[in-house]
Amino acid sequence: MNKKIPVAILGANGSVGQRFIQLLEGHPWFEVRCLTGSDRSIGKPYKETCHWILPEKMPDAVRNMVIKENEAAGKECVVAFSAMPADQAKAVEPLLAAQGLAVVSNASAHRMDADVPILLPEVNPEHTALVNIQTANKKQKGFIVTNPNCTSTGLTVSLKPLLDTFGIKQVIAVSLQALSGAGYPGVASLDIIDNVVPFIKGEEEKVESEPLKMLGCFVQNQIQKANFVISAHTNRVAVTDGHTVCVSIKCDSSIKPEDAVEVMRSYQCPEISRELPSSPWPVIQVMDEVDRPQPRLDRAVGNGMTTIVGRVRVDPIMGLKYVVLSHNTIRGAAGGAIYNAELLVQQKLVG
Amino acid sequence: MNKKIPVAILGANGSVGQRFIQLLEGHPWFEVRCLTGSDRSIGKPYKETCHWILPEKMPDAVRNMVIKENEAAGKECVVAFSAMPADQAKAVEPLLAAQGLAVVSNASAHRMDADVPILLPEVNPEHTALVNIQTANKKQKGFIVTNPNCTSTGLTVSLKPLLDTFGIKQVIAVSLQALSGAGYPGVASLDIIDNVVPFIKGEEEKVESEPLKMLGCFVQNQIQKANFVISAHTNRVAVTDGHTVCVSIKCDSSIKPEDAVEVMRSYQCPEISRELPSSPWPVIQVMDEVDRPQPRLDRAVGNGMTTIVGRVRVDPIMGLKYVVLSHNTIRGAAGGAIYNAELLVQQKLVG
Amino acid sequence: MNKKIPVAILGANGSVGQRFIQLLEGHPWFEVRCLTGSDRSIGKPYKETCHWILPEKMPDAVRNMVIKENEAAGKECVVAFSAMPADQAKAVEPLLAAQGLAVVSNASAHRMDADVPILLPEVNPEHTALVNIQTANKKQKGFIVTNPNCTSTGLTVSLKPLLDTFGIKQVIAVSLQALSGAGYPGVASLDIIDNVVPFIKGEEEKVESEPLKMLGCFVQNQIQKANFVISAHTNRVAVTDGHTVCVSIKCDSSIKPEDAVEVMRSYQCPEISRELPSSPWPVIQVMDEVDRPQPRLDRAVGNGMTTIVGRVRVDPIMGLKYVVLSHNTIRGAAGGAIYNAELLVQQKLVG
Amino acid sequence: MNKKIPVAILGANGSVGQRFIQLLEGHPWFEVRCLTGSDRSIGKPYKETCHWILPEKMPDAVRNMVIKENEAAGKECVVAFSAMPADQAKAVEPLLAAQGLAVVSNASAHRMDADVPILLPEVNPEHTALVNIQTANKKQKGFIVTNPNCTSTGLTVSLKPLLDTFGIKQVIAVSLQALSGAGYPGVASLDIIDNVVPFIKGEEEKVESEPLKMLGCFVQNQIQKANFVISAHTNRVAVTDGHTVCVSIKCDSSIKPEDAVEVMRSYQCPEISRELPSSPWPVIQVMDEVDRPQPRLDRAVGNGMTTIVGRVRVDPIMGLKYVVLSHNTIRGAAGGAIYNAELLVQQKLVG
C-alpha cells in the first residue's frame, strides 16, 4: 500500500467532521483530499469556515484546503466519510454512491435500509456482505455503509460475547449521554448546568433497533435481526465526551457475573478486523473497581476505541446488570467510521 | 395549638441539619429549641460552628443558639429531628427515645427495624401503628420513626397509585442523583465535573428494600412487605438538588400509559395527611412536555414536596416506563421528616 | 392607583422576555396586555411559541395570550418593556416611542444616545430629566429610557457611594459572568463545561463606558460623564445566574477598607426611588465572610435586586479592591427595567 | 548517562504525587525508586493506598511499590520530589536535605527562604546559584529548590520578556483557577457547581510575592527582588485543569500590543534550559483568536508545559492587558518540578 487512498469528509465543519480530520491526521492508509460543507462555506479555506472545538490542534494539512460541494468528492476520492446531518445525508449519500464512491457514513439516514449494513468491525464484519447485494441492486460500483448511533455502539459491543455464549432475551438500557453527541452548538449550556435532560429526540428508537440489526445474521442475502427486545431510556448529562449506559439483561439461561466478566474479557475481534490501524485493544476492558467506569477517567482507554465495562453483578429481576462506557465521538462516531473503512480496504471492497 | 412544640435538631451543622433549620423557620407547630452537634462544636454558638451552605439566609433565631450534647434534647424538647450520620444515629437515637422523645429521623440506621416505620404520609400514614408496638416492646414513652432514603422517596410515591390500581410485579429503577444527597463536603468536585459516578455506597440496597416496606401492609402488628421485586442502578451526576429516576415497571396486568397518568394525577393524600402544613400539593404532578421533568426547572414544584412524573410511555419489555423527580433534601430528607412529625401530631402520638 | 397601567413586552419569547413576564405577575402597578415576538410566532398563543426556561411556572395569564406585531403595543399599552436584540431594537424602539409609548428598554441600541438616559433608580433617578429633552427634540409624547448592561449594573451601584464620598480616578473591573447573560440558547454547553471563555463580544466596551454616563451629572440639559477611567476584562464562566466582578479602584484620596464598607453599607436610595415596588433592600449588602459573595448562595438577596459586595481590602497598587455580585437577569435586566418604569410612574412621566 | 538517577516522591498518594508518577513514567533521566506517604499508608502497596484520579493509567512500575517513611528516600535516592502539604514539608524537607538529598519541592513552605530558589528554568536558571550558598550555609551536601505556586507560574513566564524589554512598574492579576489546584478531595462539588468562589486561602499573598523573587537578580550572593508591585484577586471556577489569569500591566514606557506580542512570541529559553526533556516548546504561545486561550482547549499545548497568551490589547489605565493560561498540575506543579530537577542535572548540581 504505497499510495494512500484519497478520502473526502462530507460536512467537515461540524463536530464529527472535525473529529474525522483529527483522527485521519497521519493515518497510514487514508489521506484527506476533499472537504465539503454548506453553501455558505463553499469556496473558503477550512480555517476560516470551521469553528474548531477540539483540544487537538487543527492539522496544518487542512487549514488552507478550500471547502467544496459534495459532488466534488466523487471526482477526487475513493471513500467519502459522511458527517452530514441525517436530513442532508438522506439525499446526498445515494448520489455519491451512484458516482462510485464508498460512502462510509455516521448519519442515521440509511442505517435501517435493508441493503445497507450497520458495522462494528469487532462485532459483525461479515455484514459487509450486504455491500455486494447493494451494488447489484443499484447496478453501480459505489455503496453506503454506516456505523451505529453512538449510544448503541458500546452497548452492542458489550452484548456480543453475552449473546454468543449465553443467548439474550431482554435488555433494559438507560443512558447518561455526553454533550458532544448532540453536535455543536448542540445542547444549550442553560439546559444542562445543574441539570439533567431525560429525553433525546429519536435516540430511544435507535437504541431499541440498531443493535438488533448489528447482532443479526446474514442469511439468504439479508440480515435477519437478533431475536430479543431492548427497552431504552436516554438522558443527557453534563459530560463533554463518553456515553455511560446502565444495562439490565436477561439471558437465555441463568448466568453468573463472573462468567459474564470472563466472556467479555476474553472476547476478541474476528481475525479480519483484529489488526487494522483502528482496532481497539482490548476490545472490551472490564474494570474491577466498584465505582468505574467513569467518563472523565476511562473514555480514552484504547485511544477511545475500547468499550469499557464495570459493576458486573446480579440483577434480581433480569439476572445480570452492568455499566458500559464508550467514547461517543471516537468509537461511537468518526473513529468507528474510519475503522469501518479500514475493514472495507482489508476485505478489498475499497481500494 | 397556642403553644408551639419544642423540637431539637440532632446534627444541626450538616447539610440536612441546615435544611431542617431553614424549613422550620416560622413553622406553625414547631419551634427549634435545641441544636446538637459534634464534640468539637458543643458550647459554641451555631453561627460559629456551622458552614452554612444554603442560599436562604441563616435564621436569626438560631445564630446565637449554643450547640449542646445530644442528651440535652431530651430535657428540653418533645421531638428530636435527627440529621445524624447513620453510624452515630445507631446508638444515639434509641437513647433519646428511651428518654421519652419522639425521634423523627432521616438516618438509615433504624429504618429496617421491625418496629420502626418508614413513613411517607401521603403513602402509608397507617404505618405509625408501629409506634405503639415499639413503645410497648421497649416499655417506654419515646420512639423512633424514619423517612426513607432520598432516592426511594419519589420512586415510592409514584409507585403507590400504580400498586393500588394495577398491582406491581417488577420495577427497574435507574437513578441520576444530586450532589446534596451526599451531604457536605460530600462528593469532591474533581469527581463530578465533566463526569458521572455510576456507584453510590449502600444506595442500591436501600432502593431495593425500603419501598417494599413502605408499600407493605400493617397486619397482625407488623409490616408485611409488598410482594414485588425492585432492581436499582444508582448514579451520581453534576446536579445540586433533585434526584431523577428512570423507571421501568411490570404491573399485574397490562397497563396503558394514559391509565397510569390518570391514576397518578388523581392520587390524593389519605385524609389524615392531606392538610398538614407540609402536605404536598399536588401529591404527584404529571408533566406532558416530552423532555420533563428536569431537576433545575422542576425540583421546586410544591415547595419541593411534590413528586414530579413525566415521559409516561410503553416499555416494550416491562409494559410501562416513566421518569420521576423528587427534591432530595426537601421531600427526600428534612421536609419529609417534618411532614412525618406533623402526621404524628395530627394522630396525637406527639404533643 | 385603582387601575393598572397596561404594558407590552417586546421580544416576549426570549430569556429576558420570560423574566419580564415572571416578575410582572401580580405587579401592583402594571398589567401585561400585549406580547410581541418574531414573525414566526405572531398569531400563536404564547404557550406554543415560548420555550419557557425559568424554574418559576409560566403565569396562567399569558399562556393563551396571542403574540402580536410590535406595532400592536402602541395601540393597547402605555409602557413597552423591550427585551429585543439590539439590532432589532435599534429600529423598532424609536418607532414605538414615536407612537407615544414609554419604551423601557433592556437593549443596548440606544443607551449611548445623548438624550436617552441609562437609569439605575438607586443611583441616578435625576437622569430622567433627559426624557423631557428627548420628547422636545423629537416633538413627540413617547420616549426611550434604558437600563445598563448587566455587568455594569452591580459595578455602578457599588461605585456610587465611593464616588460621592471619596471621588474616583481609575477602576479595573474583571468579570466572571453567568450564562443567562447571553440569552437562550446562548452559550453552547461544549464551550463552557470544564472551561472559561475569556471574551464576550462588545461587553468590555459597554463596561468601560456605561457606568461613566450613569455616574455623570445632568447639567445644561445634558449628561456630563463622570471623569474617571474604567478598564474591563470580561469572562464567561459556568454559572447560570449572577455576575461576579473583581474591582480594583483608585480614589481621589487614600481610602481605608473600613471606610469604604461604611459608605457602601449606609448608602440609601434617593427618596424618589426608595419605596417603589422593586426598590432593593438593602441597596448594597456588604458581607464579612472571607469567601463571599458567591453567585449560587447570594444572587437572590433582596429578591435579586440587591447589590452584594465582599472582600473589601487594600489593593497595593490602586488603594482598594473588592468583589461585587449582582443578579444579571433580575437587577441587571428585567427587574431593573421594571424598577425604571416604576420610577417613571413615581415622577409622573408615565401614567 | 547510562544509568538513571533514582528519585523518590514524597506524598505520592495525593493529586500532585500522582502527577509526578505519571509524568516520570519513561523519563529518560529519572527512575522512581521510592514512594512515601502518611503513617496510615506506610507498608502497603501503592495500588492499595492511592485513590488514583488521573485519566492516564497508573504505571505498572509503581502498582506494587510499598509506601515508605520519608526517611527512606535519603537512603535510596539522589533526588526527592516533594508533593507534601506545606505544613509537613516545613519540617521534613530540611531533614532530607540534611541527609544529602536534592529536594525538589512543589510545596510553599520554603519558597521564600533567602537561600532557597524558586525556579522556572525558562526564566531564571541562574538562581540555582543559591544552591551553593545554601549548602555552604547549612554545611551539608543536600539542598532544597522549589517551583512557584501554580498561579504565579504562567503569570511569571509571561512577564519575563516584558520585563526584559520594557521594564515593569505594576501588575494587576485576576485569576480563574482550576479545581485540581486545591488537591484531592479539595473543593466540595456543592461549592462550585453553578458557582464561583472569589477566595483561595493564602493564594493572593503568593501571587503578589513569588514572581518578584523569580524575576529578581542574583547579586552579591542573594536574590534582589524585582522592583515592581503586583496586586492579585484569586477565584476558583468549575474547571478541572488550567489556570486562567487576566493581567493588566504598566510598563516603564508606553508599549504597543504588537510589540508585546512580538517579544513574547520570540522569547526563548536560556540555553542551559532549552533542550531538556521537559523544556516547553514553544515557551510562550500567543494566540490570535479573539476568544482564546481557553483551559479546556489550550491547557495541553506543549504537553502542558507551554505558557499560552491571548487577547493582548491596550489597557486604558495600565497600558497593556492580556490573558494567560497555564496547566496548573503540569507546568504549575509536577512537570515544573521535574523540569527543575533536569536543570540541576544539566548544571551538574545533581547526579
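Chains here go by letter, A, B, C and D, matching the order in which they are written, and residues are numbered from 1 within each.
The criterion applied here is as follows: a residue touches a chain if its C-beta (ideal position, glycine included) is under 8 Å from a C-beta of that chain, and two chains touch if they have at least 3 such contacts.
Note that the coordinates shown come from a computational prediction; the quantities given were computed from them, not determined experimentally.
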How many links in the shortest chain of touching chains run from chain A to chain C?
1
Taking each chain's centre as the mean of its CA atoms, the one lying farthest from the centre of chain B is chain D
Pair joined by more contacting C-beta pairs (B-D or C-D):
C-D
Comparing which residue numbers chain B and chain C contribute to their contact, where sharing over half means same and under half means different, the two sides are same
Between chain B and chain C, tell me the centre distance in angstrom, where each centre is the average of that chain's C-alpha atoms.
41
Centroid distance [mean C-alpha coordinates] between chain D and chain B, Å
47
Let me have the rounded angstrom distance from the C-alpha centre of chain C over to the C-alpha centre of chain D, please.
42
Multi-chain touching residues of chain C, meaning two or more other chains, are 53, 191, 193-194, 238-240, 296-297
Chain D residues within the chain C interface of the complex:
170-172, 174, 176, 191, 193-199, 208, 229-231, 233, 235, 237-240, 244, 246, 248, 290-297, 310-311, 315-318, 321, 323
What residues of chain C sit close enough to touch chain A in their complex?
15, 53, 179-180, 184-194, 238-240
Complex contacts: residues of chain B adjacent to chain C
53-55, 193-194, 240, 296-300
